[in-house]
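Next come two complexes, and both contain chain A; in the first it sits with chain B, in the second with chain C.
Showing the complex of A and B:
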């Protein structure tokens, strides 16, 4: 009884803030409910789900999101692991370097978005100014179709590479030293040691970091909102940004709920498959 | 083990009890979150304000507005707290502001919650349809009849900021209901560099383009044109709509609710071609996400020959602290000229500005105070003071008054533009219609779509929004 009393506040909070909204969104996803129009919610069956899954607009946003997730997470993994590897080999100033590299991760995405927006400005931004001093031409970073998406990937990478670095550094630190000592005695090359000792031991941890980053990147909203507002046109609109528009421009709450549920399902299914692979890797 | 029975899995009946408790909690949470049900089932029409103002409270009261963050918002708060407090010392005016891009969402998410932290929503004219249909603002038709001298206004201004269904351009339906009163009139002004192109502003759109072209060629580092191109708010949409109007196009046929075939007719395509292929090449590189502030910055830094911006946002251009064009207001005015928009096939200009609308969810005492404030604000003497304080009034006598005409070099532009104004669609689907137009015009301006493809997409997508009311599921896509 005492245990129930102690856990009930947390349970109530969980029910009110997490379980209920999810179930309510699930219910709304089968209706044509609009938060502003009021009136009763009419049941539309799987109408919202069918419309979303067959919508060319949604397909376009899904492709944009996929390119973004793959590009950003791949770049962050390579850079994050590379930085962690270099830091792990240092004996002096490791703590200071790690702290400095972690700073971008601690900033609010809105702040990051705003100052990168200024830095990437085609007219007075520092990036174009630097390119100009090198004799290179101006680049329209945020207003051209290709460069806008690349800019988003670069900014996200700047902010979140430290996360991968931190996890990778934890993995690298945990590799037993005697393995390297044994390899040295066998006169194994640096590359051989990296390939056969370092990478296999850090790999599972790195994959978990990749999973967290991929889930986060899949939900990207804030940077898009601040940097490009989805433009030019809709070329950098991600799925989350599109859900926001459906939910708050026309207040199509039912459709937005179905859209959100589908996004959750995609994340759950992909994460499950990924975790199974990780378990197999662990067992192997 | 002192309490072996408490360790390990609990018994089945006990688990059932706990599951039942959890389910009950969930149901209770659901019911609490759903509220009294009246909200959702409430009929979708605006509640009526009383014809006469009930007795006002003598207790301290804060009358809250919601607007977007720009100089007129600060001007309104200062003006109202100075002048209105003389009559109502217990009332304090607070103008809450949000970034322009969040303005619609900030108001309508609160309307959706049926609870607002503002008493007066400053709605764009196009927001009225959505707010009225959803029952979010008071119907003030009877209040206006009793308290406001409607003959003192240009009928279209009164209609544009308050009437629903929408008034035809230049007309007002005397029998239609009113849901708001004018707060701030506005339209675009053409800002031109007198020192670069001469004192006489271009008279036609084609002339304006050729003057800008020559100015850009003669002055390296200065772009010929600067105008709104961003895909947020209504930036790029207003730009296209302006060119569309000038070249004789129409946004829609309001009677048949037809957009496809109307917007993208020959005149519409010509306007899009002019905008993308003739005007865009005269703008600064990377200006594809410019809105009010960026255009003002380009003018203030002497980087544009001709620019277009809202009059209400142009005051800062005369501030020497924000400008490189001169160290005094007079020096800046020697270089900057303000004129009405050039005409071409028509002389239409965009209608800007906003009205005051009373939140249906505000407490009764605050609604009463809001009505009293609106009545006070529309008085002839107050409108002239508002004009002198930097506001743009809507009463004809105030528009013609020296207080207004001498307050800024662009105020004559506004007075001359009033008979030429055209608004967008004032329908509940406005937010989606403008987003479609914004994103597609922005795509055309930034090379992501061809002008023809962009205009045809706008027409097709907007038409599907207007036609989608009978669709089962998937609304909003």
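Showing the complex of A and C:
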């Protein structure tokens, strides 16, 4: 059949490069295999899983990840929607404004991470320099436990606010104008119009954007690697970053695989929620 | 959703002017909103401008305290350093840029060749468990790269693909194929199947009908999809840093990240390399701005 011939090459590639590796990781997660030690892998049952789920270290990384995901996505949503709302109210220069606001999103996390690292440098960084000229004190953005996580959230927000903005703007421009006209004939207050017309119509699309961002933020690795390298201490180590350390610095491949599988389970649950909702939206 | 991205990014005055007598203080509010937007735009663009500025500053101005916003001496030395090695000849960075171009280009072509026919088949035929298959395809793209890279690393070590461009090309193809399929399915759905039916009545086979009638109509969509795949592979960092190590194979993102390894960092060079690296992405992104929403949501959200 033509359909099979056309579809199977792509599916085979995905099976070989995504499914097979995951199955291998699943197998390794039940062993004490180490990528450097070599030698045969010993079967340890659910040992790796119980070790991870009961590890205080992992709990701490999970909390860091939660703070980061919730903080960054919430900030992005508020800012992104706000900017989209302001742009949608303009009559002129909307195209130019949109294009300008989208620039951060298109940059590689490597470039973004490096550049913010330079700007947030405690000695010669431009941010501290500006704070200084405003008569404010210097902040050790990346070298203090508490500020480092905040910096990470700020940088991620800078990069991904445009994403929420783009999708919110599409929702806002799709709201039929006659609804607003009808409302203004009824002399409805602006807040009433926003609450009863704008928000309900934009909300479904906005939620898609938020869920998408949450999944992406949960997987985040590169920005942490470049910006703070997990530090100072372990204050900015997210789950992704911790997996990397266990796998590539500790070479506890078995443990890292179990860790990875658990993360994949979380991603699968999140993705299922996202796709279900997306599907409902498309049919509705 | 009846949303076209065209509308969202169009330049024309799509909305009528609000009547000035609408409410008291309407103008004051408008001024306030414009001011707010300007401030936000400056905040969003400042890092980019600062990066460009740093890339053309003399070294002593790069590290100046307080920071020099204006009146610095301009140089193109940093850009020269990006491409030319200190002792003459090609620099490691320029090799990395070349590697990036090869890896991104080849993997994009492969993902397109695999993805477009699959997208067409998913759009036109009653495939068994189609929805499940499509969801499976998209969910492979959501896997955390750090997790996927562990077994891929072992697999590549076994078959000798570690530190090779082919290895990177394969993983990037696998990572762009889901995107290509989802994005292209949307474009194929827009081309009426009746065109192919009519061609088949004229005696063409289904394949010929696809080749002669549908494919030409898909070219703009294929171009846009390929540009996104190109951007994704070009920007990719996690697989690149774990699967390659030698300078002759390494792509630009890990090479640029490697510039901050030592005790001192030449930030002017980092800035220049970042500008050279980001410029093609911005140009390409501008070209496909109409499809940006579909592109950045992996084809899941469109109109």
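Convention: the second predicted complex is superposed on the first by the 269 of 284 C-alpha atoms of A that agree within 3 Å, B and C clash if a C-alpha of one lies under 4 Å from a C-alpha of the other, contacts with A are read in each partner's own complex, and residues count from 1 in each chain.
Everything that follows uses one rule, which is that contacts are C-beta pairs under 8 Å (C-beta built on N, C-alpha and C of every residue); 3 or more make two chains touch, one makes a residue touch a chain.
Everything quoted here is computed from the prediction, not taken from an experiment.
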| item | value |
| --- | --- |
| Touching partner for A:24 - first (chain B), second (chain C), both, neither | both |
| Chain B versus chain C, judged by how many residues of chain A each one touches | C |
| First (chain B), second (chain C), both or neither touched by A:256 | both |
| Contacts of A:145 with chain B and chain C, given as first, second, both or neither | first |
| First, second, both or neither for A:194, with chain B first and chain C second | neither |
| Partner chain(s) touched by A:248 [first = chain B, second = chain C, both, neither] | both |
| Which of chain B and chain C A:58 touches, first, second, both or neither | first |
| Touching partner for A:107 - first (chain B), second (chain C), both, neither | second |
| Which of chain B and chain C A:37 touches, first, second, both or neither | first |
| Touched partner set for A:50, first chain B, second chain C, both or neither | first |
| Shared chain A contacts, counted only where both chain B and chain C touch the same residue | 11, 16, 19-20, 24, 35, 123, 247-248, 256 |
| Interface residues, chain A side, partner chain B - complex | 4, 11-12, 15-16, 19-20, 23-24, 32, 34-41, 44-52, 55, 57-58, 121-123, 138, 140-145, 228-235, 245-252, 254-256 |
| Chain A - residues contacting chain C, complex | 1-3, 6-7, 9-11, 13-14, 16-22, 24-25, 28, 35, 79, 83, 86-87, 89-119, 123-124, 126, 129-130, 132-133, 158, 161-163, 166-167, 169-171, 173-174, 177, 184, 204-205, 208-209, 212, 215, 218-219, 221-222, 225-226, 240-241, 243-244, 247-248, 253, 256-257, 260-261, 263-264, 267-268, 270-272, 275, 278-279, 281 |
| Residues of chain B that touch chain A when the two form their complex | 18, 22, 25-26, 29-30, 33, 39-44, 101, 104-105, 108-109, 111-112, 130, 133-136, 230-232, 284-289, 303, 429, 431-432, 435, 439-440, 442-449, 454, 465, 471-477 |
| In the complex, chain C residues that touch chain A | 1-3, 5, 7-11, 13-17, 22, 33-34, 36-37, 40-41, 44-45, 47-48, 50-51, 54, 62-67, 114-115, 117-118, 120-122, 124-125, 127, 131, 133, 135, 137-140, 142-148, 150-155, 157, 170-171, 173-175, 177-178, 181, 206-207, 231, 234-235, 237-238, 241-242, 253-254, 256-257, 259-260, 267, 270-271, 274, 277-278, 281-282, 285-286, 289, 292-293, 296-297, 300-301 |
